[in-house]
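Look at the two complexes coming up: chain A is in both, with chain B in one and chain C in the other.
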Partner chain A sequence: MIKNNDKISENQLSILLFTTMLGAGILSLPSDVTKAAGPNGLIVILLGGILALIFARFICRIASIFPTETFVEYSAKLMTKPVSVILSIFLVAYFLIFCSLNLRIFGEVAKSYLLNSTPIEVIMITLLFTSGYIVRYGIEPIARLSEILFPIMVIPTMIILLPAITDIDLSNFLPILRISPLKLLKGILLTAYSFVGFEILYVIFPYIQLENKLKKSINISFFSIIFFYIYVTFYTMGIFGYKETSVQLWPLLTVIKSINFPGFFIENLESLIMGIWTFAVFTSISAFHYAATLSLSKLIKAREHTYLVIPLIPIIYFLALIPDSIVEVYKYASYASILTLFFVIILPILMFIAIKLRGKGMKNNEEN
Partner chain B sequence: MKKIKIVILLLLILSLITGCWDKVEIEDRAFVMAIGIDTSNQAKNYIVTFQFPNVKQVTSAAGGGGGGGGQPNFSISEVGDTVFSASRHVSTRLDKRLFLGHTKAVILGKDVVSNRDKFLEVLDTLDRSYELSRKLRLLVADGKAQDILLKNYKFDPDIGVYIDDIFKQYNRTSIFPNIDYNKITKSLHDTNGNAIIPVISSGKDELKIAGSAIIKDYKLAGWLSDGENMGYMWLMGFVKGGDITFNMPTTDGKEVKIPFNITNTVMKRQVTEQDGKIIYKIKYDVEGEVTEYSFQKHGEMFDTNVLGTMENKANKVIEKMINDSLKRFQKDLKVDMVGVGDYIQKYKPGLWSKVGSEWKTRFPDVVVEPVVSTHIRRIGLFK
Partner chain C sequence: MLAKGVFLLGLFNKLFKNNKNNKNSNDEYKDVESPKVKENIEENIKYIKDMLKDSDDIIYREIWVGEEFQHKLELVFVDGLVDKNIINEHVMHSLMLDTRQAKPSIEEIKKNIYEVIKKAAITGGDIKEIDDLDKCITSILSGDTALFLDGHPKVVIISSRGWQMRSVTPPETEMVVRGAREGFTETLRVNTALVRRWIRDPKFKIKQMQIGKRSKTDVALLYIDDIVNKDLLSLIKERLQQIDIDGILESGYVEQLIEEDWHSPFPQMLNTERPDKVAASVLEGRIAILIDNSPFALIIPTTLATLFQSPEDYFERWMISSLLRILRFTAAIIALAGPSIYIAFTSYHPGMIPTKLALYIAATRQGVPFPAFMEALIMEATFELLREAGIRLPVPIGQTIGIVGGLIIGQAAVMAGIVSPLMVIVVAVTAVSSFSIPSYSAAIAFRLLRFAFMLFAAVLGLYGIMLGFILMLTHLVVLKSFGLPYLSPFVEVNLSDLADTLIRAPLMMFKRRPATLDTQNKKRMKDLRPEKIESMEIDRRDNNDKKQ
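== the complex of A and B ==
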């Protein structure tokens, strides 16, 4: 049974989705899209975002047929128990992998920019235990924290970038759409990876207080993140041009280095952006951590998820330490995006087919 | 039992309040304001010079103490196989830790830009650095960078700030390019090794930034003089101010030199292809004011015909400037640094797919047609 105070409203959901999707990926996003699509980076983000939105709505639709169950439970009904168990284990692993990827990238960035002599392990453990602390209290505090951090993350980032508008060369976005459709499609799929995070809908759906504007709140959340991504990429590409952007590791941080904030007493704004970005990573990590804990607790039929929070911390920690170097981190990230492809696109379609096949027996449960 | 728990808890907290791992006191930092990089003929590859202010003097002056003697600035040079190792090995001779986050200028010696491999190495060091800002000014010295940095200048002993302040006034003359490090790397990336870098030279107790070095294929290919540099600025559309001088015949058969002060320019470009020839048209609308004529001729200038003649003269001078500069790029250097290829790539992608692969050989044959129309808006306080 779900406790009443552990439900989130639909408005909270839209902010939670935003902050979950906005994570470590924002730093390298401009470089990924320009590598895939050259000067058409902004178009690719828009289309990739819409693609992700379609599948997010799709996942929601499937979940809404079983409004009180998480993926672990309803997949058993749809595709037999053994398949469901395997898929659920993969889902837990998936959440853990993305949690640890975010964590590792955070550690690397913090170490190279801010805390040169602090061991990366310490940076990571600190963040992880903070996340564990909030995850123990369930989804409602996580959503509330997102609500508090959301304006702190978004508004300063937008203001800090604003003075750079005079440096933007709009011709950097030309020529428009002179690219093979296949390459464009590949770019779209690659960007869809930047929207990773909405898969938590698989497990958090029963915790949403449904008030008939679920679709609207998901739309709002996606369009605001598409806008935010486009905003950031617009500045990066406008200032560096796509050729230089595509070879940079963290273009967002480099673009901050080239901003002259007029009449401001702080000259280098990287540390400010790093602080903001820490929030973004933290909200992503805690959401993934929660999703992993929750699905695991459903899988082993535990009464409460709280006992599983601490045991997962070392797993995330060691997963995060597996890659040897920053190059390997991004190599693993690209492997993980294959998993994304499965959970975001293939699995919903499979489940949809399963529903159609077994649909006759479950008519009474049709979406509300 | 409870007491022991509390004690353990307190001990744990103790480990958290030791403070920051990475703490460096401000007096122990050397805030490098300018870096000079030269090549060396000895065993090591580079001589790197760092210049930083005397923090002790700055802080005591701010506190009103007035004491804190010594010179306002320090410079230190170090040899190293790479620029980075030099910046580390300095610490064997310096009691402070170098901090590059506030560096305002990097000066490359002439030898560095003349040597392709070394120039590439240096550029990469600057690009990969976590600390260095991208707003810094990259300059080429006409000799050794060390010679510029080891001096004390009377206007501002802090060379980084000095250089930065000179750049702020670029649009009073337009004889050196207002290009910061960010734009130089962008240009190098976009054109695969071509860029323009401003040139710095030092007098007895002052600095001068004028003209620029032409980098072709990551190597020094020549210099642009002051006038040619302004022509380059015209071609790129960077001119937003500055002055030109033209000769104006007067009614009594003499000539007067007239300064024309540019206040604003608008550039429009167009590319067409005719019989296999690429024609690149640039149209300028230049606004400005005339600030001198002749004391004897007071009253004569209040005539639109006179102004019309002056505008024509100004057009000629600007067009000549542009053509001179173009000749340098098209005939001598044969390298497209004036954005023609870039423009075609962006606005005429169809044409670019035809000529892009052989652009190096096509560029010298491009017909460039600058059309300048000057507008004199103001004439000073006398008619």
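== the complex of A and C ==
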């Protein structure tokens, strides 16, 4: 009770990872997946998720060799200082970019479905300042908030989709696996991009209370989100078929629009879902915001990360305003997926190699 | 992380430092060395008369005892605070009449009349001796009687408290249908006795201290020694001892002086008028604070979930109690966001309202000159005024003004065209919901936040309400009540504790104390499974055979 030590438990970690990964990406997930792989969408999600899981475990493995240091510090040990500084700046930029992507997509959806006449800038600024409020307190409140918001955002969504089960046509999922392996691979890499969020593990590792259940909690978190994505994509592909899904912008909302609870006291369910979805996007944004603030503070050796929270808000805001329309947003998102490739796949491999190369040197450091 | 710890430590230090500075700067009262009781009774009485001059309710009674009335004693007490019976029967009667009949030997009397008097003469129950005149004065002013003996450097304090007090009545703010109907009164000793009737364990401790420089109010800490978390206990003792204020008028003062976050609208300790609630909390491992002159006890630590618990939940069976709990949580959400949802839906998302209702609302709101936000604000403000007025009116009028007045004024407002009828209903339902929250302090917090939510809804609709929830949840998530996160057990999820929050699980599941309190002794109940009573079946069979 009074033993609070600002660390998050491993249960909280798995929920935090889940809510960070579950952001604005899910709205367009079914269309991305069907564009890449046709009717094999579900399989691609599963494989993409497992790929992301493998690399998340990879990052964990690397981070657990330096349990009290964030990326900024241990990359300086593994690679030389200048390389590490450049990589850290890229990491900060990475978090900021994904934060602003989430923000912009959410702003567009909110403007279309919730608040038609409010300027999108207002929607984004208010969400950013709310995020800034919680980021100032550190990672533990963010994890606790995720714990509380997690059932509120997941359970209503899953329940609301249930009536649509009658419209599902299972033949929409055929033919299975009649697709070239290259295309499948491309599809998997594309879906791995939907699992963006676990890179915060690079920086929050020192704040985890390690109790030897780390692997299990990461597994649970990934399989939960894979299940949730499959659940949502199952409904969209089942109702619309893969060709229709691939041309829609936000298939999930279209599905919910078609659902009608007779006699319910709310009619346009998709606005309600968008309201609840604010929580999901908020947890993603605040987690990325925090990761960026923390990395930046370690980089410039600030005493506390709280000073940097407010200065980063205008940066995220202007990044979010760069694309002119929703079409450009998704264009920029596809560029950003290349960055994901680098940070999630290439960088851990490089660092692992660096660890092996400096094997003995590292062991000496550990003993010290 | 480390920085946050340092920041918190700094905050603690600031709290402590302030108190120390105050003690040094303006402390004329305590710095003077307190004089000791002198052997000459006249000097002692002169000192006391000096200190207590111009107080005409202090009585000085001289007595002479001994075979030749050679020893002078003096009684000092406050008229109105003492039980005259004790003084007349047990002190003066014994001293004046019985000593003459007791006949101790002349040598004993000559040597030590004081010991004789102290040990044999006073037939009252509770006596002690002190040699500090200021402490003696404090005792006199608390209702004890001081007995001075000429030639002896000590004074005997006889406990003789007996003033007019309110009898034990049902608690007015926390009525239950099933359960005890005793509530605390304003006298500390009566209150501690009430709690002791529930717990007869020798490990149940009642530790008293005095707080307040001029009021010297008795404050009692109640806890069970082998259950409570020792760190928590020492933290609370420290905080109480750091209080440096002239007078403690109510438990609210103590609450505000020792709580950690005074910015928050949410109460960080529970206050209750019921001794059974205090006993139950103490048995769980919490600490209760009873304060003289206040019928409200404080229970530390508390979480948001305890604010929704009523003692009745435990006395009735689990199914109905679980449903009532869920009802209360729903009521809290309605009390918080009721008017805001109305504002958001009518101003920003009319598409979300069922078509028939939307048309009806449009029709009724046609004549209303104000936008939904102003309408809601006017009705809510009127209702708050009515509520505040209802408290001060005498009981017969107060009841009627509250409910009937609200509805009638609402109806009149509708007919005048200021508000729409749906608004009146929303406000009425919101008000009723806020009354169903068991803890008054929590209900006040929700009342306050309701206006903030209305503002958010007016600016940003449903999105604004969601942002409002996020901000409120962020605040709650960071708030700690004496080290316990305010939203336990929803946060740092602990399944066994959850059994007592959203629902009330059957008693058989309450085998362990709340894990979040980190108590010393974890188990509170043995496996309670009623064994199958096979013998009853056999009896019935026997009866059937007999009938045939």
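FYI, the second predicted complex is superposed on the first by the 357 of 368 C-alpha atoms of A that agree within 3 Å, B and C clash if a C-alpha of one lies under 4 Å from a C-alpha of the other, contacts with A are read in each partner's own complex, and residues count from 1 in each chain.
Definition applied: contacts are C-beta pairs under 8 Å (C-beta built on N, C-alpha and C of every residue); 3 or more make two chains touch, one makes a residue touch a chain.
All figures in this text were calculated on a predicted structure; none of them were measured in a lab.
When the two structures are aligned on the shared chain, A:268 is found in touch with chain B and with chain C.
Once chain A of one complex is fitted onto chain A of the other, the partner contacts of A:174 are limited to chain B, with no touch recorded for chain C.
Once chain A of one complex is fitted onto chain A of the other, the partner contacts of A:243 are limited to chain B, with no touch recorded for chain C.
In the superposition on chain A, contact of A:254 is made with chain B only, not with chain C.
By the touch criterion defined above, A:114 lies against chain B and chain C together after alignment on the C-alpha atoms of chain A. Look at A:58: by the touch rule set out above, it reaches neither chain B nor chain C. In the overlay built on the shared chain, the residue A:317 is in contact with neither chain B nor chain C. With both complexes superposed, C is the one of chain B and chain C in contact with more chain A residues. Contacts of A:198 after superposition on the shared chain: neither chain B nor chain C is touched.
Chain A uses residues 114-115, 118, 122, 267-268 to touch chain B in one structure and chain C in the other.
Chain A makes touch with chain B in their complex at residues 112-118, 122, 167, 171, 174-175, 178, 239-241, 243-244, 247, 254, 257-260, 267-268. For chain C in complex with chain A, the residues that touch the partner chain are 1, 3-5, 7, 229, 231-232, 235, 301, 348-349, 351-355, 460-467, 470-471, 473-474, 477-478, 480, 482-485, 487, 490-493, 516-518.
Within the complex formed with chain C, the chain A residues making contact are 1-7, 9, 11-12, 110, 114-115, 118, 122-123, 126-127, 130, 133-134, 137-139, 141, 144-145, 147-149, 206-207, 264-268, 271-272, 275-276, 278-279, 282, 303-306. Across the interface of their complex, chain A is touched by residues 21-22, 101-102, 130, 132-135, 182, 185-186, 189-190, 342-343, 345-347, 349 of chain B.
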